[in-house]
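So, here come the structures, one by one.
Next come two complexes, and both contain chain A; in the first it sits with chain B, in the second with chain C.
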Partner chain A sequence: MVDKGKISRGQLAFMLYSLMAYDGLLLIPKIAGEKAGRDLWLSPVWSHLTGIMMVLAMLRLSRMFPEESIIVYSKRILGKWLGIAAGFIFVFYAFYLTSVILRIYTDFISSVFLENTPTVVISGGIMFLVAYTARGGVEVLGRLAQLFIPATIVVFVILSILTIPEWELSNALPILGKGPIPSLKGATVPFTWFAGYILLGLYYPLLSDKRKVTLFVMTAWFGEMITLAASGLISVFLFGEYTSTLNYPFIEVVRYIALGEFFQHIDALLLAVWLPGTFIELATYHYATVTGIAEWTGLKNYRALSFTLGFLVLVVSYWGITSDIDFERYLATSHIWFDFSVLVFGLLLFLVAWIRSKLGALKYN
Partner chain B sequence: MRKNKSISVLIQLCKRLLPLAALLSLTGCWDSDEVNSLAIVTSAGIDRTKDGAIELILEIVAPQQQQQQSGTGQSSGQKGGKGTTIVRYAIGDTAADAQGRLQWKLPRTIYWGQLQVLVVGEELARDGFREQLDYLVRVNEIRLRVMPFVTHGKALDFFDSHFLLEQTKAGFLQSEAARVFHKPLTLSRLVQRLSSDEDTAVLPFINIPEDRGDRGGEPYIKGYAVFNQGRMVGTLTGNSFLAAKWATNQLKNDVETVNVGNESPARVTYTTLAAKSRLIPIRKNGEWQMNIRIESEINMIQNTSRLPMAEPQNARLLEAAAAEHIREVVTQTVRDTQRMHADIFAFGEAIKRRNPHEWSRLEPQWNRFYPEMDFKVEASVKLRRIGMNSIPLGRQHKERTKP
Partner chain C sequence: MIWMKVAGITVVVVIIACFEWVRLDIGRVRERVVLVSIAGLSWIAALMAVLFPEMPGPIRWVEWLYRPLSGLLS
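The block that comes next holds the complex of A and B.
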């Protein structure tokens, strides 16, 4: 590994939680709602129940090579040239996803909060911080995750509790009124997001303690599922089937909160959940890109790459797609296939490793 | 040598300060809004002019008004009779267009974030105001908590109307809604109903007294405006309003009077403490029938009959009379809505919840099915309290104990 730093298992769990929870909170109720109607809160449950195979496969794979990153051991599994190609796929995925998330972040902030601000200021500002964090190494990233994520979870729970007086429980009925098919269709997008767990291949060797990692990773997995299902369910309780018509359902949920005359207009609290969460998510992906490329090219020092790649991410996030509408369409169509191929790639890597180890053809350290 | 060192210290310092520089850009100065530069809208009205254009009326908070009126006397905190808001309006092709035109005339930026109520003129409501609503749900400052109302006559008349008890029209309508309804209707509920399969909705209907001025009284919520396919098709007032609130669990602060027993006078007046209604769809001979089950607890506040309600058998009489009253008005009201082809009680939704498959068969012809639909009202009433006096005033104790 190019980074000598170590992270704890809890920090890893927080980082994995951030990979899905925050974007999901914002986008899943809408994306799933288009297909699933009032069953949209069930979609994350289905996707997580199926996505667990990716999580377990990546954990198993990492445990076969506990001291090496995915860049190194994919060469061991697939042979030199295919292995280098596999390393490239991983690095490209991490790099590209950083830019996609940056774009989601920019679109959200500029359409809801900072309408007149040039978007490059919004995305450039956060990307600078992200690159600075990634440059600091994995320990900085781990500690930041440990610092921010618990606070955001607490605020999210408080926000959810504050909506209780407005719940219209009958909005969620009938559950599975049109059978399980619509909610399963809605589960496709969150399912493909499980491609993100491929990052385990990079972060696993950085763990200081490798016992009972499964438990921690599963906690993150479960936490994601609860967060996404809860945010979907609350949106349905408040807005029924109208949820999927709203561009950002959960921001409307938070805006709807009003306790008495004085406790309202607390939209900024959602930002307090969402901003640190997305920051950690971006940094997790960006750090994976930076160290991944350093390892792939055989550089001794990864720090110099952070700002350069950060700038490239910034550029790529604007590349090609200018309008928000087109980007949203892209997320719901082509991007599904991109994520899905990476998911399949991760599973294939695991299968090859598993079969070769059964045949005794795989050399461990 | 020394110079090099100081430069490297400077570089180190810059490195440390760099993240702070990044923080500065996160504040987003492009979007900075000073309270002093905003025209804060508390209530909005939309209406239709005679030639089909849209009129947008805004009630804007005017914090300076007070100082101007107090004139030279700085210490006098006396409040002007005009209230603390001003009303401005503009006409345009759409609501957003009218807003743009209004903005030309206003020295401050219109800020929608504090919008609390929306008042729709009757004429526009009858024409359908869904197209104008689109603007309000699109603006990113507006919350779905805004309370919509329909006003009798023109929306501008409501904003011109005179009342003294509340400082703003928004505050007035909000407290009015909180007084009349258990859970006041919001924009969220309205858009849900308008985009539901039945496409019907009700909105509170405001009455404006003809004679303006101190004697004429204030505007008040008179009933429900009924919407079908996005257009206002009628109103429910008086007993129908009461019944509609009953069936939709919105009852609050009602007073009702029924006759108990055969002797005259026999009027008993009561208020409802708690009411709960449920829609139970059942299938009878292959056809859907709706059971409206209403349970309520009442508090007797006046008894003009000679029957002491402390006696259980008399209490049963009152309960039966009150239940009969509920049955009567609710049945009448449902008939009225059937005549309007507007399923405002969400019968369709109830069937959908019970049997989603059946509903997909019924849905296309629901507009024809609903007016013909059979329904039954079941009411059960419990007398919970009779106030501070046990037997009717002036009735002899002797008379009561007589066998």
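The block that comes next holds the complex of A and C.
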């Protein structure tokens, strides 16, 4: 690995948790709600039960090559030229997802909180911090995840508890009233997001202790499922089948909270959940891009690339997208297929490695 | 106004590239080549995005690539 730093298993679990939980919190109730109606909270459960195969495949693949990153071992699995192409797919995915998440972040902050601020200040500000973190190395990233993510989980739980007086349990009934098909259709988007677990191929060799990693990764997987299902369920309790008509359902949920007369604007607390979480998510993807490119081009030092690539991410997040509506339509259509093809790519890589190791044709060292 | 933006982008890219250039150890040729090519790429990309805002960027390319499939879901 190009980075000599190490992270603990718990830090990896927090980073993996951030990959889906925060964007999901915001977007899944709407995207799944359009297909699933009042069963939208079941969609993350279905998607996680099927997505577990990607998690296990990537874990198994990483365990075959515990000291190498996906860029290096894909050359062992597929041969030199195909391996280089596979490395490019991985790097492009990490880079591209950083831009897409940055765009989601910018749209959300500028439409809900900082309406009059120029968007380049919002996205440029966070991207500077993200690039600075990635430049610091994986240990900085891991410790920041350990610092921020538990706090955001606590705030999320408190916010959820505070909405209990407003719950209308009958809104969620009948459960599966139209059969399981609508909620399964709603599960397609969160299922394709499992492509993010391909990052395990880059972070696994950085672990200081490689025993019982499955347990920690599964905890992250389970935490994501609970977070997404809970946020969906609370949205349904409050808004019923109208959830998907709201732009960001969960922020409307938090706006319902009223504590006496002196607690106002609780929605700022949601920002305290969402901002550090998305920051870790962006940094996890950006670090993967930076070290991925450094390994792919055979560099010894990856730090020099962090700010330059950060600038490129910023440019791509603006380039050629004129309106938020266009971008949302893209997220609900073509982006699903993009993520899905990366997911298939990860599974194929695992299958080829597995078959070749069964045939005894794979050299491990 | 547009020239202000072009000048601003150039200044930012040059500052980033110089900042990293002086911090690299002596003799790291490969690192310098990659650094300068990515900086150049992002400079060109930023100019394209500012001067021709209608020109499709990478997110549009991916959208175009997967457009034939997007009808299958609805």
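The definition used in the following text is that the second predicted complex is superposed on the first by the 364 of 365 C-alpha atoms of A that agree within 3 Å, B and C clash if a C-alpha of one lies under 4 Å from a C-alpha of the other, contacts with A are read in each partner's own complex, and residues count from 1 in each chain.
Assume contacts are C-beta pairs under 8 Å (C-beta built on N, C-alpha and C of every residue); 3 or more make two chains touch, one makes a residue touch a chain.
In this text the structure is predicted, and so the values were computed from the model without any measurement.
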Could you tell me if A:Ser99 is touching chain B, chain C, both of them or neither one (first, second, both, neither)? second
Contacts of A:Phe338 with chain B and chain C, given as first, second, both or neither: second
Touch test for A:Gly298: chain B only (first), chain C only (second), both, or neither? second
Between chain B and chain C, whom does A:Ser323 touch in the aligned arrangement: first, second, both, or neither? neither
Report for A:Val315: first if it touches chain B alone, second if chain C alone, otherwise both or neither. second
With both complexes overlaid on chain A, does A:Thr188 touch chain B (first), chain C (second), both or neither? second
Flag every residue of chain A that touches chain B in the complex, lowest number first. 111-118, 121-122, 124-126, 128-129, 132, 170, 173-174, 177-178, 238-242, 245, 252, 255-256, 258, 264-265
Along chain A, where are the residues that touch chain C in the complex? 96, 99-100, 103, 188, 293-294, 297-301, 303-305, 307-309, 311-312, 315-322, 327, 330, 333-338
If we count contacts the way the header does, which residues on chain C are in touch with chain A in the complex? 12-13, 16-17, 19-21, 23-25, 28, 30-31, 34-35, 38-39, 41-42, 45-46, 48-49, 53-60, 62-63, 65-67, 69-70, 73-74
Contact footprint of chain A on chain B as seen in their complex: 18-19, 22-23, 25-26, 28-31, 113, 140, 143-145, 188, 191-192, 195-196, 352-354, 356, 360
